[in-house]
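The two complexes that follow have subunit A in common; it is paired with subunit B in the first and with subunit C in the second.
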Partner chain A sequence: MLVYKAFFKIIQKNILQILIYIVIFLFFVVLIANTYTDPTNMDFKESKVNTVFINHDEDSKLLEGLKEYISQNANLIDIPDDIQKLQDALYFREVEYIVKVPKGFTEAFMKGEEIRIEKTIVPDSASSVYMDNLINKYLNTARLYISSIENLSQQQLVNYIGEDLSHETEVLLFNPDPEKGKNIRRMYYFNFLAYSLFAILILGVSAVMIVFNQPDLRKRHSCSPLKLKNMNFQMILGNISFAILVWLIMIIPSFIMYGDYMFTKKGLLFLLNSIIFTLPALSISFLIANIVKSKNAISAASNVVSLGTCFISGVFVPRDFLGETLLKFASFTPTYWYVKSNHIIANIDRLKEEDIRSILTGILIMLIFALTALAITMVIKKKKYTGQVSGS
Partner chain B sequence: MYNNILGVFILVIKVDNLTKRYGNLIALDHFNLEVNQGEIFGLLGPNGSGKTTAINCILSLLKYDKGTVEIFNKPMAPDAYDIKKDIGLVMQNVAIFDELTVYENVDYFCGLYIKDRNHRRELVEQAIDFVSIGYYKDFYPKKLSGGLLRRLNIACGIAHQPKLIILDEPTVAVDPQSRSNILEGIQRLNKAGATILYTSHYMEEVEQICTRIAIMDKGRIIATGTKEQLKAMISSGEKIRVELFDMDDNILQDLKKLPHIVSVEYEDNFLIVKSSRGKNNLLAVLDYLKSNNIAFGKIYSEPPTLNDVFLEITGKELRD
Partner chain C sequence: MFLHNYIYRLKCIVRDRELMFWTLFFPIILATFFNLAYANLSEAEKFAPINIAVVDNKEYQKNAPFQRVLKSLSTTSDDKDEEGIFNIRYTTKEEGDKLLNDKEIEGYIYCDNGIKLVIKESGLNQTILKNFIDEFKQTSSTVETIMEHNPESMHSGLLDRIGHRTNFLKEVAPSKSSPDTVVNYFYTLIAMACMYGGFWGLKEVTAIQPNLSPQGARINVAPIHRFKVVIVCILAAISVQLFEIILLLAYLTLVLKISVGNQIGYIILTCIVGTITGVTYGAFISSIIKEEGLKIGALIGSSMTMSFLAGMMYDKMKYIISTRAPILGYVNPVNLITDCFYSLYYYDTNSRFFTNIVILCVFIAIFSLCTYLVLRRQRYASL
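So, the complex of A and B:
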């Protein structure tokens, strides 16, 4: 098994490049695990905005009511009416919203005249929009009563508004299966695995094949009593062992991160899909390795093929954002079918026959890709062999 | 030296009418070769004369159009593994793994022939010692000089102690010390019992180590024999070079009239006199200079070289 051992010694010499891709992979999967926000997350938590209420007008019932309403829905902070102090409080986010009622507000408002409450806010903050809505709701309700009922006292007005705004509607948030969000996260893990696995296989397999394909080394091997069949067998065994090793390294984090889930039907389907994807990735890597002629070309091929197929197949960008034409084009790559199957596995609630059929179709197509790439490689190798190294 | 105890030559390589074409170019034109057991056979020819093509065809590394090749009295073919196990190849280019150490490289190539690990270990150590690279056995090839790489290349080709060793220009771009080391090594391998087929375009090397030589040009063997036999084939004899500082046309004319003198030239303060075969040519030239009171400095008398043989047969220099 000399050739087999030499295969792994060459891999060992190129381990640094391979490690870079493994580190990138680990970085991304940890990033996904920690920062990915579930689009179906419906958690709601009420928060109150720190608000200052400054009244330059008289202490009217209307304004008392407004202040009371604000205090129920926000935290009223007591800060002296001093521009410097107010600006400091705003700058240091001690408060986020300052309400200033101008002089003569109550009188003008009760007469139905156009008058505005002044506000000082943290620019572009969500809290300011929330507070705007809150105050507008109160004042718009008051204006509706004033315009509808004549001779309405301020006390009556405040009572009406208080009654109207006290009504609450119970909102039930539709919360789908929380497991689904986790599945999406797992799907991203396995989708991203396609990129790293592909890149590492192209790098590793090409690094070895480019050495063994050197014309002078081929001559040395051809001169030796080592049979061509034996050498090809050891080479194929080396490639398969390397692919399985890389796949194992790639899936270990999934067991650490997702634990028992990986032994469920879905977890096992993700694993099955990924090991099947390893086959066309290996075959294509083998094909590329027999075409490229320099080490620089390996890096270029590795980046172009792995990144290119992953981009158009929806590894980095959700498939929904990709155009139909692009996806049709992507369907000529095994990555497309791998990602598609991952998507099905992640989104189904219960495995139906139809889903299994779709997944199996993806697997079958990936296997066809693997066989096709292998056949093309064999034809190229045979052509090279009969053209250059042969006897009559 | 290269016949068996009954005095019969044992053929190791026999090539008959080998023809190889690359389109319209005839790389080998009815190439014939016979190498006997125990000899160091030199294949001498300028670059592009077809030496490497011949080696590749002999080893079935290259398809050929016509002819037959026998090694150890058996027809050579790509799947003739029983023949291949007794052949060692050292190529013009260094063919090793940059990813393996010196020891691992020799062990790998030896392992293609020898399965037994203990036996292989011995052979690898011997091969490494043979080319004197023991100090570097844990080094990776990239850390070796050109000369050391060539030695490693040889160690990889001969570690399994083959009966036939084919060396294709193993000293190209090698420093003089390594070249001398390599040539001595080849002679030692031959003394140890290996038959050597050695290709080169350096006539000095071939003259130095080869017991028989074939001169090649344009894919054909144009002469074969020992170096003495080859030199005897041509009409020109020695070349006399005399350092002269004062020169005139009369001297040139007078010298041309001397017996056996073929040509007289004056170049870079040296008088170059070429003579045909005959005795006392040098003495006649010196007598002439002395009797005419012509002062002269250093004197060189050079016997004909293989280059002269090549020149006379093909009309061009071996180095062209």
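So, the complex of A and C:
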């Protein structure tokens, strides 16, 4: 097993680069674990928009009532009335809606004059539609009272409105999925695994192949008593054990974080999907390893290929945000099929037959990718080899 | 002599294919990926009509006022003044369940001893839907209260007044540009590319250090002042890097259509200052660290960390830093360069922009001074 041993010696020499990717992966995994929220709450929760309420008017009862009503239906965030600070907060979505009450608003409003509150929003956003409706509802109700009942004090007015607006609709939840939030997070874990795994495989396999593909070393190997078949066999064995080793390292955190879940049907499907993905990733790495010529090109290739396939297949950005044509283009990478299956596994309540079928299709396509890449590599190797023999 | 050296350094730099990849092509490739991935990101928060269903049963048929309100909010409404908010389908309860399960609709309205809402998960759209039904109930309650206190009002046009909704809000634009989160990713990318200019600074300092490269030894015995050589090398590095940054900027604005605002002079100034910061940073790293591998590792590692803190991987990072630990933002060149672009794009005034530029210049001065102090008066007994 000389070749096999040499394989891992070369990996050991390059362990630092590989470790960087493992550290990035672990960092991300911990990040996912920390954003974990309690999923046991099964009630309907109203989405609350982060809002800033700035009052340039007097502290009237009417405005107090309005602020109180907003605070019940939105998160009031306290940010000082400073243009740049407000702009920053809006830009980074720390707040999505800024209300500014102008001076003299209460007086004009109570008299029935036309006056408007200033709002600063994220243009065309759904959150602004919601908040517009909320504030307009309050003020329209107030206007209705003022115009219909004479000599109404502000306190009375606020009481009436409060009474009216406390009427709420009963919300029924239909067949909710309690695990959904958790499943989505597990999906991100396995999606991100595609990036680290791919990058590491390209790095590792290329590092080894570049050494073995050196012309002089090849010639020396050719005249060794070891049969070519035997050597290739050990090489393949090395590649496969390296891939499996990396895969094992990548999935260990999932057992620590998700525990028993990994042994349920869904957990096992995630695992199966990821190990199948390892195969095309490995054979594409093998292909790249036989194309690149210099050591310096390895890190370039591994960055571009792993980042590129992951970006267009929806590893970093949810698939729903990617365009149709882009996804069609992405379907020419195994990562696309891997991510697609992960989506199916995470999103369905109970596995139906058609879901199983599309997961199986994904697996089949990934295997075809693996075989194709392997076949292309073989052709290239053969060509190079014959070229070398006849050339020298 | 100066020109001669300059041209030859330029040739050396341009022919370094590997570094050309990392400083020029890698940012361009990354920008392309960003563009592919984030193109629809801002679409996600845009408001689109909400798909809902209404169970068309007897109780619903009886509730004429509710039917009227729903109709007026529907996208198929004849009322052209108000844009519809809901895409309404009329179904049976079973069909509603199925549509909900298949995520065809966000929820359905079901009248059974009062108006009820059936949904599958919580979200903003569901909240908006619930609020509109709430409003119907609340308005009914308002009318009741008014009728109690002033029964006459029914005759004095109360119903008209209910129908007439006033908009009490007036939109004030946050700034001259829309708060498009996506552009910040590209600004951090430009900033990262500027710092990658450090590769050239690294290469140049290595090339003139006699104990690090044979060229260095050769240059050192030439009858030219060391300081002059350093200046020429750094200038050559800055020229190439600046050219690359301008190319990247052109690619972003002309091909990917990323907005950088329209103050072209200031944008170019940012590019120049950013480039010089990057190159001098690389020279600084190269002069204090001797080992080749470690130099590159330190450069990549530090610039990636700085990019992360400036929000290249997660846009809110920049905001978190600027509110919780502002100092960290001011000592991070990537963040400063990003912030220059951001303030040019988003703010109405340029005061923050100039603050950033001044701090960057301080960094340049520190990096250059340190490099100079390390490189000056080195003598070698043997090499």
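Methods note: the second predicted complex is superposed on the first by the 251 of 392 C-alpha atoms of A that agree within 3 Å, B and C clash if a C-alpha of one lies under 4 Å from a C-alpha of the other, contacts with A are read in each partner's own complex, and residues count from 1 in each chain.
Please note the rule applied: a residue touches a chain if its C-beta (ideal position, glycine included) is under 8 Å from a C-beta of that chain, and two chains touch if they have at least 3 such contacts.
Remember, it's a predicted structure, so these values are computed and weren't measured experimentally.
In the superposed pair of complexes, A:316 makes contact with subunit C only, with no contact to subunit B.
Of the two partner chains placed by superposition, only subunit B is touched by A:223; subunit C is not. Look at A:214: by the touch rule set out above, it reaches subunit B but stays clear of subunit C. Once the two complexes are overlaid on the shared chain, A:135 sits against subunit C while remaining clear of subunit B. Put simply, more of the residues of subunit A are touched by C, taking subunit B and subunit C as the two choices. In the superposed pair of complexes, A:64 makes contact with neither subunit B nor subunit C. In the superposed model, A:120 makes contact with subunit C only, not with subunit B.
According to the touch criterion, subunit A has no shared surface contacted by subunit B in one complex and subunit C in the other.
Residues 44-47, 49, 83-84, 86-94, 98, 100, 115-130, 132-137, 139-141, 143-145, 147-150, 160, 163-165, 167-177, 180, 294, 296-297, 300, 303-304, 307-308, 311-312, 316-317, 320-323, 326 of subunit A touch subunit C in their complex. Touching subunit A in their complex are the following residues of subunit B: 56, 59-65, 76-79, 81-82, 84-85, 87, 89, 91, 93-100, 104, 108-109, 111-113, 156-157.
Taken in their complex, subunit C has these residues touching subunit A: 18, 21-22, 26, 29-30, 33-34, 36-41, 43-48, 85, 97, 100-101, 110, 114-128, 130-135, 137-142, 145-146, 149-150, 153, 156, 158, 161-162, 165-175, 178-179, 181, 184, 315-316, 318-319, 322-323, 342, 346-348, 352. Within the complex formed with subunit B, the residues of subunit A that make contact are 2, 6, 9-10, 12-14, 211, 214, 216-217, 219-227, 386, 388-392.
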